[in-house]
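First chain written, first letter: the chains are A, B, C, D, E, F, G and H, and each begins at residue 1.
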Amino acid sequence: MSAATDNKGRIANVDATLTSVIGQLETEANVKKAIRESLEPIEEFSRSALTELNKLHSAPASDQAAICERCLATVAKAQPLWADVSKLIPKGEFYRYSFAIGPLCRSFVTSIAFARFILHDELVPAFTAANLMGLGGDDTGELQLTADDYLQGVIGMVNELPRLSINAVTAQNFALPVKIAAFVNDVFQSYSLLNLRNDQLRRRFDSLKYDLKRCEDVVYDLTLRGLTAGTAAEANGEKTNA
Amino acid sequence: MSAATDNKGRIANVDATLTSVIGQLETEANVKKAIRESLEPIEEFSRSALTELNKLHSAPASDQAAICERCLATVAKAQPLWADVSKLIPKGEFYRYSFAIGPLCRSFVTSIAFARFILHDELVPAFTAANLMGLGGDDTGELQLTADDYLQGVIGMVNELPRLSINAVTAQNFALPVKIAAFVNDVFQSYSLLNLRNDQLRRRFDSLKYDLKRCEDVVYDLTLRGLTAGTAAEANGEKTNA
Amino acid sequence: MSAATDNKGRIANVDATLTSVIGQLETEANVKKAIRESLEPIEEFSRSALTELNKLHSAPASDQAAICERCLATVAKAQPLWADVSKLIPKGEFYRYSFAIGPLCRSFVTSIAFARFILHDELVPAFTAANLMGLGGDDTGELQLTADDYLQGVIGMVNELPRLSINAVTAQNFALPVKIAAFVNDVFQSYSLLNLRNDQLRRRFDSLKYDLKRCEDVVYDLTLRGLTAGTAAEANGEKTNA
Amino acid sequence: MSAATDNKGRIANVDATLTSVIGQLETEANVKKAIRESLEPIEEFSRSALTELNKLHSAPASDQAAICERCLATVAKAQPLWADVSKLIPKGEFYRYSFAIGPLCRSFVTSIAFARFILHDELVPAFTAANLMGLGGDDTGELQLTADDYLQGVIGMVNELPRLSINAVTAQNFALPVKIAAFVNDVFQSYSLLNLRNDQLRRRFDSLKYDLKRCEDVVYDLTLRGLTAGTAAEANGEKTNA
Amino acid sequence: MSAATDNKGRIANVDATLTSVIGQLETEANVKKAIRESLEPIEEFSRSALTELNKLHSAPASDQAAICERCLATVAKAQPLWADVSKLIPKGEFYRYSFAIGPLCRSFVTSIAFARFILHDELVPAFTAANLMGLGGDDTGELQLTADDYLQGVIGMVNELPRLSINAVTAQNFALPVKIAAFVNDVFQSYSLLNLRNDQLRRRFDSLKYDLKRCEDVVYDLTLRGLTAGTAAEANGEKTNA
Amino acid sequence: MSAATDNKGRIANVDATLTSVIGQLETEANVKKAIRESLEPIEEFSRSALTELNKLHSAPASDQAAICERCLATVAKAQPLWADVSKLIPKGEFYRYSFAIGPLCRSFVTSIAFARFILHDELVPAFTAANLMGLGGDDTGELQLTADDYLQGVIGMVNELPRLSINAVTAQNFALPVKIAAFVNDVFQSYSLLNLRNDQLRRRFDSLKYDLKRCEDVVYDLTLRGLTAGTAAEANGEKTNA
Amino acid sequence: MADVMMAEPSSSTSALTRREHLAKTFEAYRAELDANTETRERLIILSRSITQMSKKLIFHLHRGATSGLVARAKNIRDGKGKEKEIIANFEKIRAELGSGESAESFWRWARPVSPGLEEYIEAVSFLFYLETGRLISLAEVQKGLSNPQTEEPYVVVTPEDYILGMSDLTGELMRYATNALSTGDHETPLAVCEFVRTVKVYFDGIPPYQLHKLSKKQDETTRSLVKIEKVCYSLRLRLIEFADRPDILRQMASRAL
Amino acid sequence: MADVMMAEPSSSTSALTRREHLAKTFEAYRAELDANTETRERLIILSRSITQMSKKLIFHLHRGATSGLVARAKNIRDGKGKEKEIIANFEKIRAELGSGESAESFWRWARPVSPGLEEYIEAVSFLFYLETGRLISLAEVQKGLSNPQTEEPYVVVTPEDYILGMSDLTGELMRYATNALSTGDHETPLAVCEFVRTVKVYFDGIPPYQLHKLSKKQDETTRSLVKIEKVCYSLRLRLIEFADRPDILRQMASRAL
């Protein structure tokens, strides 16, 4: 009889323990889902920012600054929304959910770095990028722009530059390719300083050398045809002021 | 003894039940086979239409219209055959067999959209494409061109354009690459505004960006060498006003 | 100027065409999502029915009928919910969404066939199974139990029987293994006369032979120990006359 | 101009060459299809033969001979059909199509070897099996029963014996398990003396050891309970003298 | 006693039957081994022929003919060895061993087709390829070059051409890429008219489109830079008349 | 010009280096092949030893000792052959080739341990097993029986014991099962002392518990029927002397 | 062209300026990435060591699980000692990650730690089952992996980790039940069978999207359960045959120990 | 039945005797297996560390490979220092395996060591190529991995290891050639192309059964070669276009540095 009681006790224990842990699992799944939903409106802004930048490829040089400003303005619109995301993340658990947040951060870095390059001929620092996104304030808690996401986002932006360089030539804008080639060269040399593991960042870094080659090729083409005269001075001169 | 009856009863019941169900499966297998066979002559026309279009890659500009007209004529020849397919499909079961019909529809859409682009510089609407194929009449019953098949067919056509652009240059036709780049740019821009959730389509659409780049590269090469005179201004100049 | 008009016209045309088609895709995606959500409460019942049946493995013979009745009652609770699913499916599009409905149907067939076998020693016909699920009424429209889903559900049920046979012995229920072996033998015999062309089903049905062997092994163990007295004679004795 | 001729010449040459070769491939594909169709009615008989033998598992000892005779009669009915298959195979190309014919041969060997074992307690020789199938006459040309197919068929038959042994006990036939165990032991012993290099066959032959164990288990169970009286002594006693 | 005789008889029967069949298998295994060994020296020549052709990638235009002649000479050296292979194959069993001979044939076809294309700008017919390999004479009996192996060999050769086209440019040979593109275009055009049912071959042939694109890209690059003067006109100009 | 010389020098260096290393690779491949061939005659003996032991299953108790002696004699015949193997292995490289030697050692351990258990009711120590195989002498150099091979070989032998136990009962030898069960129990407890990795030894160890259960079951069966009387004393009494 | 030539020097000077500036930034990134790589390597080493020790603990427990009561109690005591050694390694992991302020960082390094953690959970739950016959709870596992003073967790045990560990436990229980049968212990297999069946039913109810890795493990659990059920089946047949000879059954059981 | 009962005690006593005897033997096996496991773990840790350091060395070399002559020389000098650190780890592996008498044991532990060894060979051959433009030989690799005094190898480099390492080298050379193009270096791509093509031709000649792992790596080598060939192709087109403007070509090349 005590065996029977024991058995019943054991089963009750199993029931209670498993019910509780499965409940916890569900709670977690709900947190994940809530975070994903809270990211959706931000993703909308991220997509708009990229679409705006896409116009650079067919716009005349004179419109470029305006396009970039509109892009940064779109990024800024997302700023208040991060607080909603932040509230959903339990204390100390940012890295638990970074798998969902990371891709979005990378996309924003791509947009911001792109716009800032066109506007100021600079590689936007991670700190500045985070600020422009609206991270790092009191209300965004532990949310952060990780080094990995920043570094990947920047490469995403460099990947767009060969296309822009080529379309600039089509639009008779011969200064931009020179500016681009110098920038990509600097970025490539900087990334070469890193020791990378066999991860996604490494794979993306490997792609940079082809972008560099392509951007250099355009400058070769222009130089050969004497199309960089003056503009080179213009582009480089500005850079020193940036 | 009642057990014996039960046993015999059960055996008979099992037998009857399985025989009837497997009979149904056989019927279905036969319908599938009949549909596949009825599609074979249509596939023949589909292949001919594509082969005709293939000639665009090595034809001079002056022959292009004729090639496209012959392609559309071939498509038209398949029209009456769809009625045979339609007759084989039981009421309400179009989607049961769409896995077999879909690929063929996509191939036709590719041919039609290609020919119409060359002839009229337009993206053929789904409705028009279905009509040209011969779908949508009374005798084709439930047969239809689904949105998914239409879009995949269109993408299949855009995938062909970079090759045509390059071969046009080889054939000294410098106007076509400009026209192609503008068209692919339009398709790409329109698409990037939309929020496409279907994964397979999304991946294919993303491939368009690569096609666009290649088309832009050709225009770049021509611009650099001053070979787009007139045409480039025409196509690009207007784009900036849009 | 006419070129400009052309350009604008083409852009507008491309935009309108793609927007309309992608709109259709969105609509479809929404229907899919709605159907999936409408299936969720039904899945809940399906899981409950299986959990109920799972109790057969540790229950004494006297509880079996009650368990099976409760299982069928759970299945019955899902009946009214199918009407909600049916409403979501556009006319003629059942087979478009059957990929989502099929697995659920199979699971119900498994439960129903299992319960009916224990209760009535029969292979439930497809028609009856559909009725018990609540399909086939006026309000369930085009929803149907396909032959393929029925058969797969039945095989799924037979796959469970060897385990039940073994657990029945543990629970000192010596009649059940004899009944199970006779039933599986009937299913196997009937099947082996049929020429099933569908490859996936064929492979699953071939697996039944292994199940049959395992069921026969149990009867062998009981016979050796004289534990089938009566039941064995009943089931086997008659079989030899058949 | 001579280049033009060359070009045309090359195109014609390429065209002619490929058309002729692909034509050959079509012919081959048609032969394959015809052979497959000519095998279908034979497969029907093969299935019937196996289904007949399947009855051994639930039949009383007294019915076994009749079942086996009916099985061999069914096999015999397929004999005239092989001539049709033979006519389709071009001279010297039997091995080109043996991939399609082999599985059927194996299935027939399984049936024949099974029936002959029950009837005559022998391992039917390959030559006899081929004759019973109707191969080896003038009208079956190059068709043959390969050594590999024969052996695989035999193994397929031995794989059935443990099941028969167990069902024999259930049906109170205690002599058959002893006869089976002795036979499987003989096959296994003969085999283990041979050095078989063919990998697939080796693996299948290794599976025999498992069958042998199961057959021995049944004899053990019977011995333990004194149910082998006479038969065991008969079979085993002699074995020790062998 | 009669049981004992039976037992001994059965054991002897089983033994004799299995020994004889396994003996046959051994014989076959030996034939297989002998054939494989007889192919080894031929494989050596096949590898040498490919290694020779590999030099085309870095050779100046003036050396190409000599390389191809040496390649064909190497192929010719293998001719007498096929007779040794042929002797090992029992009458009517070529297709039994074609799995071992086929890959070698394909490799030879690749070499021959490659060399003949460079030397004579032609697609070597299957008949000629077989002759150059040394097949089809009296002493090579049933050995033959199958349509399938021929086609796979040809595709293998076309797959190499884009690489050669690119390396030709590096070696300042600007005529070869034009010749290559025209040839690949011919092969692709002819093929696309044919309805190839063999799935594996179809997939390989479909890959040719990608090769064609790559070859066309090279011609494009040359055309842009005015490096095809003469040759381009020759090859393309005529093509338009075709 | 010095660049040209440099280049030639570099190519010569590459040629020399690679030719040498590929030569070394071939030498190694030859060593491997030679070792494999030198093992073949030993494998022959290993197979014979196992075939001899196989007779235990159908032999009367009185013949068992003789069978085991013959088995050990066969093992002994292989002793001189190991010296040939040893000569082929370069100094210090036993473990480089143990992948080829190991399986053979395991098979010998299985035979030896089996024979010694029947003869002396003991688990043969690794040292003794190595001696009986002929390893460990001066002429077998670095050849050794590794702990892993010994441990796996012993399990291979235990895997055979349930079958022997069962066949002993069939042959009315009721002492052997008791002896076997005690032995397997001891071996199982010994292996339980080891901490295993997830490797092959672990997987084989996991199988031991089923062998133990099966052997114990036989003793249960005999005890229940009073068939162990006397023999148990006999078997166990002897064991203490062993 | 002269312009270009003239532009060059200034261009390269300014490029160097930006490049130098970037170099400084990226050298900091390099230091960060290198430090991360080293931390990851150290955690992998600790995790591997935890795996090894946990596997050893499981073997140790199996050795004592089918012994008599006294030996069994000693075996469990020894097992607890081994568990302490494992926990010491988790303490080292915590030290590696820093504590207090940077407590969050555990999540950053969860991936290299998790293989060891899963194996530990399997071992500790087996130990707990043998001692109490009960299923250890997630809270109890977490408590064992926390600083006894501050109650700060060394590593956080998620429901996922716990469930996957329990799933592995069923495999060890299968071995335990089968071994028990051979020693004539007729209660353990039945108790284990009920236990594993309950666990399986609960886990079957977890929707696959919530815990993707579970579905493969559930197949393994099902295989284990089927094996245990077969053990119970043999046991039942044996008990029936020995129904009128309990003496022999007792004798046989004692013989095995 | 009484006999059985009586037989029991003696049976269990004697069983204990044999069991105790076996227990002693198997405790020795346990010690041996446990020691092996620990050795393997230590070797894996060393091997992983060698892998990390070799990867770092390769990155380091790429950083300097496209610089000017002086910077390049310094980069290679630094690289050699890093190589020395890696070799120190191989020395530790040798120490782990014991030396002299038990020299053979390297082969026993080749598997856990080989991933690190392969990565090292890749790194050192890249270093050697950058310094000398030549292919390092197997003997040279082995010499670097041997005690300079006794010439006893720390680990043995087999032709397999060497060939697989060279196969990986082609991937790094592809990166080197591509990077070189962007800096206006027009000779490196052509030299690398010739080099990789030669290596590939030799490796193509190795029958697959002699080195199974090579065939997958050859696919990778082919991909690398095709990429290098494309670089050479672009280079040729560029050189042709600039044929009458070598001044611009020079200017562009210097601009990149």
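By our rule, contacts are C-beta pairs under 8 Å (C-beta built on N, C-alpha and C of every residue); 3 or more make two chains touch, one makes a residue touch a chain.
Chain labels with UniProt names: A, B, C, D, E, F = Translin.
In this text, all values refer to a predicted model and were calculated from it rather than measured experimentally.
**Q** Looking at C-alpha means, what's the farthest chain from chain D (Translin)?
**A** Here the answer is chain A, farthest from chain D (Translin).
**Q** More C-beta pairs touching across which pair, F-G or F-H?
**A** F-H
**Q** For the two copies chain G and chain H, what rotation in degrees overlays their C-alpha atoms? Round to the nearest 5.
**A** Rounded to 5 degrees, the superposing rotation is 180 degrees.
**Q** Just give me the whole-number Å value for how far the CA centre of chain B (Translin) lies from that of chain C (Translin).
**A** Their C-alpha centroids are separated by 37 Å.
**Q** Express in whole angstrom the distance between the two chain centres, defined as the mean CA positions of chain E (Translin) and chain F (Translin).
**A** Each chain reduced to its C-alpha mean, chain E (Translin) and chain F (Translin) end up 47 Å apart.
**Q** Any idea how many Å lie between the Cα centroids of chain E (Translin) and chain G?
**A** A distance of 55 Å separates the two centres.
**Q** Enumerate the residues of chain G that touch no fewer than two other chains.
**A** Residues 1, 4, 11, 34, 37, 56, 194, 205, 241, 248, 251 of chain G each touch two or more of the other chains.
**Q** What residues in chain F (Translin) touch two or more of the other chains?
**A** Within chain F (Translin), residues 185, 193-197, 223 contact more than one other chain.
**Q** So in the complex, which bits of chain E (Translin) are touching chain B (Translin)?
**A** 185, 189, 192-193, 195, 213, 216-217, 219-220, 223-224, 232, 236, 239-240
**Q** Tell me, which parts of chain A (Translin) touch chain G in their complex?
**A** Within the complex, chain A (Translin) touches chain G at residues 3, 6-7, 10-11, 13-15, 17-22, 24-26, 28-29, 91-96, 122-123, 125, 142, 147, 151, 182, 185-187, 189-191, 193-197, 223, 226, 228-230, 232-233, 236-237, 239-240, 242.
**Q** Touching residues of chain H toward chain F (Translin) in the complex: what are they?
**A** Contacts found on chain H: 1, 3-4, 6-7, 10-11, 13-15, 17-19, 22-23, 25-27, 29-30, 32-34, 37, 103-108, 110, 133-138, 158-160, 162-163, 187, 191, 194-195, 198-199, 202-203, 205-206, 209-211.
**Q** Along chain H, where are the residues that touch chain G in the complex?
**A** 1, 4-5, 8, 11-12, 34, 37, 41, 44-45, 48-49, 52, 56, 248, 251, 254-255
**Q** Any idea which chain A (Translin) residues touch chain B (Translin) in the complex?
**A** Per the stated touch rule, the residues are 47, 50-51, 54, 57-60, 63, 163, 166-167, 169-172, 218, 221-222, 225.
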